[in-house]
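See the structures that follow.
In what comes next, chain A is part of two complexes: it sits with chain B in the first one and with chain C in the second one.
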Partner chain A sequence: MRLAVLGAGAVGRAVADLAPSYGHAVTALADSSSAVVDPGGVDVGAALARKDAGDPLGESDPGDALAAEYDALVEATPTTLGDAEPGFSHLRTALERDRHVVLANKGPVAERFADLRALEADSAGDVYFEATVGGAIPACATVADLGPERVSAVRGVLNGTANFVLSRMAAEGLDYDHVLAEAQDLGVAEADPSFDVEGTDAALKCVILANLLREADCGSIEELRERALTLSDAAVEGIRDIPGSALDLAAEDGRTVRLVGEATRDGVRVGPRLVPENGTLAVSGTRNIVEIETEHAGGLAVSGRGAGGEETASAVLADVGRLPDPER
Partner chain B sequence: MPSEPAAAPGERRQSDDADTDTGTDAGGDGDGVRSDGGNVPQAHTVRLELDDEPGQLLAALQPIAENGGNLLSVYHERGNVTPRGRIPVEVDLECAPDRFDAVLEGLREHGVTVTSAGTEEYGGEVTVVLVGHLIETDLSDTLQRLTECANAAVADIDLSAASGTGTGEPSSARVRLRTREGRTADVLDSVRTVADDKGFDVIEPVEGRR
Partner chain C sequence: MRLAVLGAGAVGRAVADLAPSYGHAVTALADSSSAVVDPGGVDVGAALARKDAGDPLGESDPGDALAAEYDALVEATPTTLGDAEPGFSHLRTALERDRHVVLANKGPVAERFADLRALEADSAGDVYFEATVGGAIPACATVADLGPERVSAVRGVLNGTANFVLSRMAAEGLDYDHVLAEAQDLGVAEADPSFDVEGTDAALKCVILANLLREADCGSIEELRERALTLSDAAVEGIRDIPGSALDLAAEDGRTVRLVGEATRDGVRVGPRLVPENGTLAVSGTRNIVEIETEHAGGLAVSGRGAGGEETASAVLADVGRLPDPER
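So, the complex of A and B:
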């Protein structure tokens, strides 16, 4: 399959790097300022070397990548909220050309789910977005396999930064500011960690999951338009105000605290929660976990790496593998 | 206070094994639902009235332990006197269902007035951690409101105060609430309301179908 990759951050780079080993060719690769386009296959290594040296990826404009020859567009530009631009326009352009779209960008799925499905319905292209939830963890695909109409809830630890901070605070008896500084030194937390520690990132993932459950109850796009959630519908609390004493009290009772997100048909809640110290949700470090409550099969849990270039790229490339083969 | 089962451990083990051996699927989900609750301790709330004299409380509690009851909490309303000049006490205890009558009998034999018993059964339990300025905002008022609004009994509370109150640092409290069976979600709703009102954060347990 021929892929156009938009975004040359950790995820976009890893997708472009790994695509050949999955049997795909990269015909275009773009970052926000330039692009390299080659219908015969981009030399990804050379392009990324140019970028690393401070030069443009290639001679072309980013828009040329969107207009290039490809079977699937991989949208891996940074997540934006509200109108989810420019990611949403990239998706629209590809679908209007009857191309497939695989998203690593959470914005269009969390903020404009009904718009996305409406465009998809009018296109010969399909849209997949496994990489938007839980990095390498197959959360959306597992819900789809089980049948979202038979899933009552999906909950989990969906932000590695927040989980790192909480598990270090609990294990070492250190306070929030101390552990956050350590996480920033290690590159686990960004210089501005608010997206992670305030629960926004986990909430976006839960909104995506809740929309999958709600979609199963909708008979039409109009109905979905009424029922689809966005970030503003989620009840979100972060971990900034948790003192060490709260973790100590939890530990004395055989519990610990994790930033847990929960998606049900009723909505989305994200906040610090008490979980059994040795329970499935008490993953440590940057690890993520997704628990799925099913009607006929009880609970299922998948844990793994929730972030990282290659980890997220593996979810993107799994989605590419789900697309119908253009040769047939 | 750990809740020791009042029944002999050997008995419980046997009945658990029997359940496993027969392989009954009655529970359906096999998530540890015990179909035969015969000797599983149940929680009870007993209201007593005591004379306002030294030693009365201890004398009232003794018959509970003697008859196989396990004390969960005692709420001694010293400031609150009945029209007859006596002091009401609310006791939460746990015992095997077949011991509860003996516990009440023992109390009456010791001359303790039991004003209500057994009607308030707290079969469920939920633990939350509250974070905020708990002491400055009147902790006992908070607990009383939890009891009233949440329709739950405060089984115990552990407070971890910030070093030196008035430092602006929040304190934390772990509160174990006994609730009516199946009403945990309602109780958590009420806890959130009280906490919102008082400006606390609530760290609640993950609610699941487990």
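So, the complex of A and C:
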């Protein structure tokens, strides 16, 4: 397939790099300031080398990538909230051209799910978004495979930065501010860590999962419009106010604390929870886990690397593999 | 879809029971001595009630189910080794009629994989076999989703009976014979437990996984014929000879013993292995786990109920959901 990749951060770069080994060609690659477009296949290495040297990625405008020849648009620009722009407009343009869209950007799926499905219904293109939840973990695909109508709840540990901070606090008896500074030094936490430590990132992922469950109960886009959730519907509590002493107390009882998100048909809750120290939810580092409660198959757990360019790109490329091949 | 279900053990019964709630009709249901066939939909409850009362399932011959009207054959008769009969002939008949086949029976996939793919290549029908590996766990689907050519190894704990015996030996300090007798009393182990405790069952599952990896390297059925493995290619060691003292020694070191299977392109090995007591592989009871090593996504782990009628039926019905709908 021919891919147009929007976004040249860790995920977009890795998608463009790995695409040929999955049998796909990159016909356009854009960051926020420029683009390189070539219907015969972009020289990805050269474009990224230019960017690394501080030069523009290419000589085209970013918008030219959207107008290029491609079968699927890979939307890997940063997640934005509210109207989810400019990601949502990118998705709209591609669907209106009857092209497929694969999202790594959580915004359009978490904030405008019904709008997204409405555009998809009017398009010959399909939309997939496995990479928006849990990096390499096939969370959405497993829910789809089981049948979302037979899934009652999805619970998970879905933010690696929060994991790292909580693991270090428990292991070293250090307090939040100290460990956060350390995580920032190591590059595990961003300079502005609020998206991760306040639970926003985990909540967006849970909203996406809850939307998959709710969608299964809807017979129409209108019904989905009433039922679909956004971040503002989620009850979210972060890890900022957890004192080190709380982790010590938990440890005395064989437990620890993780930022756990839960998505059910009733809604989304994210917050610090006591979990057994050796239990399945006590994953560490950037490892994520989702537990899927099903009607007939009991609980299924899927864990793996929840972040990282290559890991997330592998989820994007798995989605590309799910798309109907235009050459068939 | 219209399903013909062969086999009325725990899995076949559960498939027939659950099929309507997945939107499918059962047009034939057979055990080894009789069948009930109705193009308008079998009354599954009534048929199973007859069987439970000691009467024949229906008035037709088992072979009539194979000749009935259906879109997909669900082969849930007991796994047999070597020529994998009669399961293999059932599969052949359905594929020669251009019908789909979904297997819960491991025999044809583990013992005659190239024959199976050759028949599938000549048929308009597809073959799926998620239920043959790890009950409810989507092991084959996850490997397919990641791309088997990008999976280097699959490791797992894939036999619940062996798990139960090893967990009890470790927890109670009892020896193998004692725990096995207890497991037989509880119905967790069969009267003849050799299939489970000698590692055969786990090895068949690993052979199936290894065949998926090897298939990815083959350009033709002829090549697959040379490369496909069977049970006789697997290096298998069971848990019969593990002394209780070995588990005590392991525990002193924070470890325990599990029957671990490993499938790589090089082959299949199954045997008791030391694993960390709180590690991901130390699942207990009938819980199974598979760890999938990938090229770009690191390791993924999927765990869930590895046995049980409904659990395995849910994997069968997920496969049915993967089939192209004949009404589209």
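Keep in mind that, in the parts below, the second predicted complex is superposed on the first by the 328 of 328 C-alpha atoms of A that agree within 3 Å, B and C clash if a C-alpha of one lies under 4 Å from a C-alpha of the other, contacts with A are read in each partner's own complex, and residues count from 1 in each chain.
Everything that follows uses one rule, which is that a contact is a pair of C-beta atoms (placed from the backbone, for glycine too) under 8 Å apart; a residue touches a chain by one contact, two chains touch by 3 or more.
Bear in mind the structure is a predicted one, so any value in this text is a computation, not a measurement.
Visitor: Considering only the touch criterion stated at the top, classify A:L281 as touching first (chain B), second (chain C), both, or neither.
Guide: In the superposed model, A:L281 contacts chain B only, not chain C.
Visitor: Examine A:C218 and indicate which partner it touches, taking first as chain B and second as chain C; both and neither are also allowed.
Guide: neither
Visitor: Which partner does A:P272 contact after superposing on A: first (chain B), second (chain C), both, neither?
Guide: First partner only, chain B.
Visitor: Looking at A:S245, would you say it contacts chain B, chain C, both, or neither? Reply first, second, both or neither.
Guide: first
Visitor: Quick one: is A:G298 in contact with chain B, with chain C, with both, or with neither? Answer first, second, both or neither.
Guide: Touch partners of A:G298: chain B and chain C.
Visitor: Based on the superposed arrangement, let me know which partner A:A118 touches: chain B (first), chain C (second), both, or neither?
Guide: After superposing on A, A:A118 lies clear of both chain B and chain C.
Visitor: Mind sorting out which residues of chain A both chain B and chain C touch, each in its own complex?
Guide: In chain A, residues 298-299 are touched by chain B and also by chain C.
Visitor: With touch defined as at the start, can you tell me which chain A residues reach chain B in the complex?
Guide: Against chain B, the touching part of chain A is residues 152-153, 155, 237, 241-243, 245-246, 248-250, 252-253, 255, 257, 260, 262, 271-275, 281, 291, 293, 298-299.
Visitor: Give the list of chain B residues in touch with chain A in this complex.
Guide: 29, 31, 127-129, 131, 158, 160-162, 169-174, 201, 203-210
Visitor: So in the complex, which bits of chain C are touching chain A?
Guide: For this pair, the touching residues of chain C are 14, 18, 22, 135-138, 141-142, 145-147, 150, 278, 280, 294, 296-305, 308, 310-311, 313-315, 318, 321.
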